[in-house]
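Report on the following structure.
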Amino acid sequence: MDNLQNRKLRYGIVGGGAGAFIGVVHRHALALAGQFELVCGCFSRDEENNASTGGSLGLDDARVYADFTQMAQTEALREDKPDFMVCTTRNDYHYACCKAFLEAGFHVMCEKPLSQTQAQAEELQRIAHVKGLLLGVSYVYSGHVMAMEARSLIRAGEIGEIMMVMGEYPQDWLIEMAEGANHGISTWRIDPQIAGRSNCVGDIGTHIEHSISFMTGLRIEKLCAVMDKFGAGTALDNNAAILIKYSNGATGSYWCSQVAAGYDNALKLRIFGTAGAIEFDQEKSNYLTVVRKGGAPQLWSRGRGYIGDAAAAYSRIPAGHPEGYHNAFVNLYSSFADALRDLVSGRLRPLEQYDFPTVEAGVDGVRFVEKCLESAANGNIWVKY
Amino acid sequence: MDNLQNRKLRYGIVGGGAGAFIGVVHRHALALAGQFELVCGCFSRDEENNASTGGSLGLDDARVYADFTQMAQTEALREDKPDFMVCTTRNDYHYACCKAFLEAGFHVMCEKPLSQTQAQAEELQRIAHVKGLLLGVSYVYSGHVMAMEARSLIRAGEIGEIMMVMGEYPQDWLIEMAEGANHGISTWRIDPQIAGRSNCVGDIGTHIEHSISFMTGLRIEKLCAVMDKFGAGTALDNNAAILIKYSNGATGSYWCSQVAAGYDNALKLRIFGTAGAIEFDQEKSNYLTVVRKGGAPQLWSRGRGYIGDAAAAYSRIPAGHPEGYHNAFVNLYSSFADALRDLVSGRLRPLEQYDFPTVEAGVDGVRFVEKCLESAANGNIWVKY
Amino acid sequence: MDNLQNRKLRYGIVGGGAGAFIGVVHRHALALAGQFELVCGCFSRDEENNASTGGSLGLDDARVYADFTQMAQTEALREDKPDFMVCTTRNDYHYACCKAFLEAGFHVMCEKPLSQTQAQAEELQRIAHVKGLLLGVSYVYSGHVMAMEARSLIRAGEIGEIMMVMGEYPQDWLIEMAEGANHGISTWRIDPQIAGRSNCVGDIGTHIEHSISFMTGLRIEKLCAVMDKFGAGTALDNNAAILIKYSNGATGSYWCSQVAAGYDNALKLRIFGTAGAIEFDQEKSNYLTVVRKGGAPQLWSRGRGYIGDAAAAYSRIPAGHPEGYHNAFVNLYSSFADALRDLVSGRLRPLEQYDFPTVEAGVDGVRFVEKCLESAANGNIWVKY
Amino acid sequence: MDNLQNRKLRYGIVGGGAGAFIGVVHRHALALAGQFELVCGCFSRDEENNASTGGSLGLDDARVYADFTQMAQTEALREDKPDFMVCTTRNDYHYACCKAFLEAGFHVMCEKPLSQTQAQAEELQRIAHVKGLLLGVSYVYSGHVMAMEARSLIRAGEIGEIMMVMGEYPQDWLIEMAEGANHGISTWRIDPQIAGRSNCVGDIGTHIEHSISFMTGLRIEKLCAVMDKFGAGTALDNNAAILIKYSNGATGSYWCSQVAAGYDNALKLRIFGTAGAIEFDQEKSNYLTVVRKGGAPQLWSRGRGYIGDAAAAYSRIPAGHPEGYHNAFVNLYSSFADALRDLVSGRLRPLEQYDFPTVEAGVDGVRFVEKCLESAANGNIWVKY
């Protein structure tokens, strides 16, 4: 029997044609990982782009599809069908795409957000559970070695009981919006039809929520959100500040922005406990600041001997040789592959023991956006989670 | 007539005996400034400490007082009386001390907070206005050259219209409280009888409020505050997160903490506008990060040729020779002295054209604490300012 | 005719078996690049490691070779032979391996150093020139986008005439050596038979030399080197400090170390001109500090609009999404592939117009090590270059 | 008997008139220290400046002198004569000024360099020894609390045996010189008649030498110096790179520059031992980076509980409240005052147990400059120390 142990895993992908961002990143990272093989794809709704991308990747024309539903159904019939599918479409297709793959019996890795509504996310969750399929959601920042190390340290009680969490994620790529007229910005992220009901919180605020949840295990009890739409005629939020109360009594403060001059992509998490603190900055993802109460801040470096085994297992190159954005995807997919192989060979452990974000994280992410919207729409009230 | 132009200004001080912190800092800074002369004092409620401090400072015994009211009244009768008085007592004496000095006809510089209630602050404001006396409040961080430069740049429109403000002020000196029992911490700051109704917001949150107000001129329209009392038996807040809506539509998020492991005294302000951004960190107070939309972040340095005249006037030593905490006090007192000399010589300009925090800032500071308390006490609701 | 334009380039590799470092990095990077296909290999002198590595990579057993000479000769006869070969062996095989490939008519990319002696390097240079073959040397750090941007800015005269260069490259992975006994360190880098006559200068000092040469075009006129062997019984240098005079009158100071506690892999270059300065730190390789005389230091970020076209062409993901060590290799191989395709289609430009280090850089690198050894062996005298 | 225990110490000063830099800093720092009283001065060779400075400082006209020799002789006759004198003139007067004061029986604190030649320095040393007078030299950077902490840690063996030292001190205030014509720069520092035979090494290189010596106790065995005079018509060095061999076998590399674009005053020292490393940066003088072999770099902060008693004794304000340039002078003078009081009361300990730089440091500093000049003048040869 093929238990996937001694061969590369086959995958198909939706998205990633010429001009795309995140789909290309997934494909490159899957190549970097060294254990995956692309066998089919649906790269673009533009026919020519789709065909030429498939060709340049060496795919058989027959396995380059105009439509993901067709891809799901056709590929499901092949003996050498993909071991899993990857969905990297625009937000508005995530739900339909995942649904098509799950119903055709495929495991799936989907870009975040899992869907545009919580109801959709929960439906996907049900399907995956019923069919016993893996459904991962690529919250990439939890794939960094030092994000995993942060989680390990926190779980081991190194910083004590958590009291406060400061999470921020500023960017400035939409700052032209803030000056009033649209300045000709063309991106589906600011179009409610495609992006969904939120732009900033949905795109990046949700990464704060996931990273914090991943590292700390804290559960949100209630939140109070201010969602700003800076610039005349702006339809969706481009800045948000959110207060959180967690169920353990800790307080959180999140800030995300797409109009913060000078910031590239600065997801930064600071977690404070009774015995110490941890700080993670994804733009310096090879490092972690670790403080023990009474001691001096320490700058931990990926690849060093003091890093715990669980995180170190993902480190591929020595300290000082930076692993970057692609490497974080490699780590998520490596963990996804571990789970897949374990599943096929009947040795699947509880999913929380793996290191990729599961459908539960995907549902949480969609709920977070909905709760922020609910708070903001009702005068920034506190909303139960 | 003595118009104060060609001599040192004489001052008396309350506080600053052996073992004191902030009173000693004021006295040292006044010496560093080079234009002030200590002539009388009431240094400690401990008789011996009071006497020995006065002696070591070379004061005539007759001008070392056991009581600030007595000092006010006695000194007011002298021909060579102080030109102004300095109040650096514990919070619970600020109001009474300032009142005594104002009523005796003295100009005053008072440590923040100006008082424990807004009503008291407004009373002091009225007295000062009626009597035509200067009443400064030493929000020291606005005394840094680069804080002044930030203000100048913002006023000149360099960052456009302000959209968001992120202010934070973490410390960890009370982290032992967070672990439960008091661990024998002995400080009046955690005693409601002395500190007033707030510890953390009153002591350091108020610095965020003042610095932002000083730099931006933004007015708070409403706020929503979470004030935490981490640790069993903790009577006053030691951590707070606050959302702000300013009258111009901008959003603010403030965080202050005394239980944030690894932080010394990290007041950091980030102000984002439609055309750029500015970041000031008091622990690196000789620098300012300046971003123009589309450009790379620049690290401006105090003492360099590109610093504007208004701020540069306070720079005493060349770039790269750090000015620190004492120097910020020097700057506040220098501006206070300028105003005092102008007042005496009949050339006083509107007070907002000087660079020291006035009684209006003091009233604002007390109001800010009260509004945070009101929000927190009522379920963290939004409170009109 | 097959002009390589519309297909992946085929390559064979020597090195990179289980347990190897740099060979695996090359292979991973070539996968990440997306335009290369591994077709044959000689992964390890250990037969089992060699076979299992080849198998896990999906290679035909017939194309997994025990010997690189055999691989060169056998593959040269195939119609679907590799378009180029990659040499990632230990230092002592670089010369023989490159020679075998060149003589069999293959283009080659070789790890640095190109050889153990200058005479060998020059021989390889001659063979490559005579046969019209590309011979690249993977000085990886010049592959970073921001290293290329530094070069562009300097070439464009942005910092004026260069006066001083400070280059450093500290690590600490051999610090146990410094305490005396060997502490059981087992690495061929400290074995003269394998590493050659230098450890530290040969392994990392040479990266300083290459990066500076790449960015500035400066030519060394003379140098004075101190090469330390800290720890009892240490056979090769593990620390070196080198003074340089360049032919334009500029002064350089280089430092490399493998016993500098706290440093991972901190190649840092600072280049000072009459009109400004540039600083590059490979551990923060997505940034560049740029100073114009009289202005504030600016932190430039890869992927931003102000980055010049030449460097930006290599940027694959947006600013703030870190590109790391693998990405720098991707860039070198991409440029190598450009040259290869241009060569095959008869449009090869002068090699200095491409962005990968050529055999000339390889020869320079070996000469640099020899000159340092000559200086150190003769009492740290100044040696003509 | 007046043993100086219960009163402020009286001092006279040479230098510090209007427009002066370092003399004013000394005077301000002496005021900040709180235990010194200015009683006489010779502030400027400009009569009016001298008189008006004295007047503004409240000095009796009779104690404002046109000439330091006259001041020495006249003041020596007073009963209330100064306890010590401070020399802050231009370099060319240091020797004569110190000599006049010593011969009149005064203890002296002198700005560095102690003199323009080693012979002069040694003569001053002899006079001070014979007369039993204290002669301090204000190498200010060793006055920082964290510089003292570095010394304590190194003395205690925390970083093991020292192997390498990297010292640098770049500035850019003379960068206009580097472009060729003088650009009208007017400063005595570039005039050999006043500055002496070196500008850059004499002004700032000597601070590297002193700080390293202070922290480590290492003795220089030989050195090799390149001293650059960038810009047409430049008479004295404005950049230098120096290799050092210490008597314990350690290697040093120093770099100082006045033409390094973007740098203010960046004295930075890195000291590497077999067991760890320490880094001090005077522009961030409230911190120290401490590394223990195998551990993560730690950022130590002045004022924290883990700081040793010897250094902590100089800390006046809590961690996070920056002490700056003035505070370092305060510390030097405090230690000088301790020694003076101990001397007067017959309890003087060996001078190396105090924390101010003594005449021995002054002699070393002048020798360092001479040795660099000797190396540079002879083709950058190695020179015995």
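Chains: A, B, C and D, in written order; residue numbering restarts at 1 for each.
Operating definition for what follows: a contact is a pair of C-beta atoms (placed from the backbone, for glycine too) under 8 Å apart; a residue touches a chain by one contact, two chains touch by 3 or more.
Since the structure is predicted, the reported quantities are computational estimates derived from the model, not experimental observations.
**Q** Does A-C or B-C have more contacting C-beta pairs?
**A** Taking the two pairs in turn, the one with more contacts turns out to be A-C.
**Q** Going by C-alpha centroids, which chain is farthest from subunit D? Tell me that one.
**A** Most remote chain from subunit D, centroid-wise, comes out as A.
**Q** Roughly how far is subunit A from subunit C, going centre to centre by Cα mean, in whole Å?
**A** 34
**Q** Please report how many Å separate the Cα centroid of subunit A from that of subunit B, as a whole number.
**A** Measuring from centre to centre gives 44 Å for this pair.
**Q** Taking each chain's centre as the mean position of its Cα atoms, how many Å separate subunit B from subunit C?
**A** The mean C-alpha positions of subunit B and subunit C differ by 55 Å.
**Q** Can you list the subunit D residues in contact with two or more other chains?
**A** 296-297, 301, 304
**Q** Name, in rising order, each residue of subunit C that touches subunit A in their complex.
**A** Residues in contact with subunit A: 6-8, 21, 25, 27-29, 31-32, 34, 56, 58, 171, 173, 263-266, 282-286, 301, 303-304, 316-327.
**Q** Could you please specify the touching residues of subunit D with respect to subunit C in the complex?
**A** Touch residues, subunit D against subunit C: 159-160, 163-164, 166, 168, 172, 175, 178-179, 224, 226, 228, 230, 239, 241, 243, 245, 251-253, 255, 257, 259-262, 272-277, 289, 291-293, 296-297, 379-380, 382.
**Q** Using the touch rule from the top, collect the residues of subunit D that touch subunit A in their complex.
**A** Residues 290, 294-301, 304-306 of subunit D touch subunit A in their complex.
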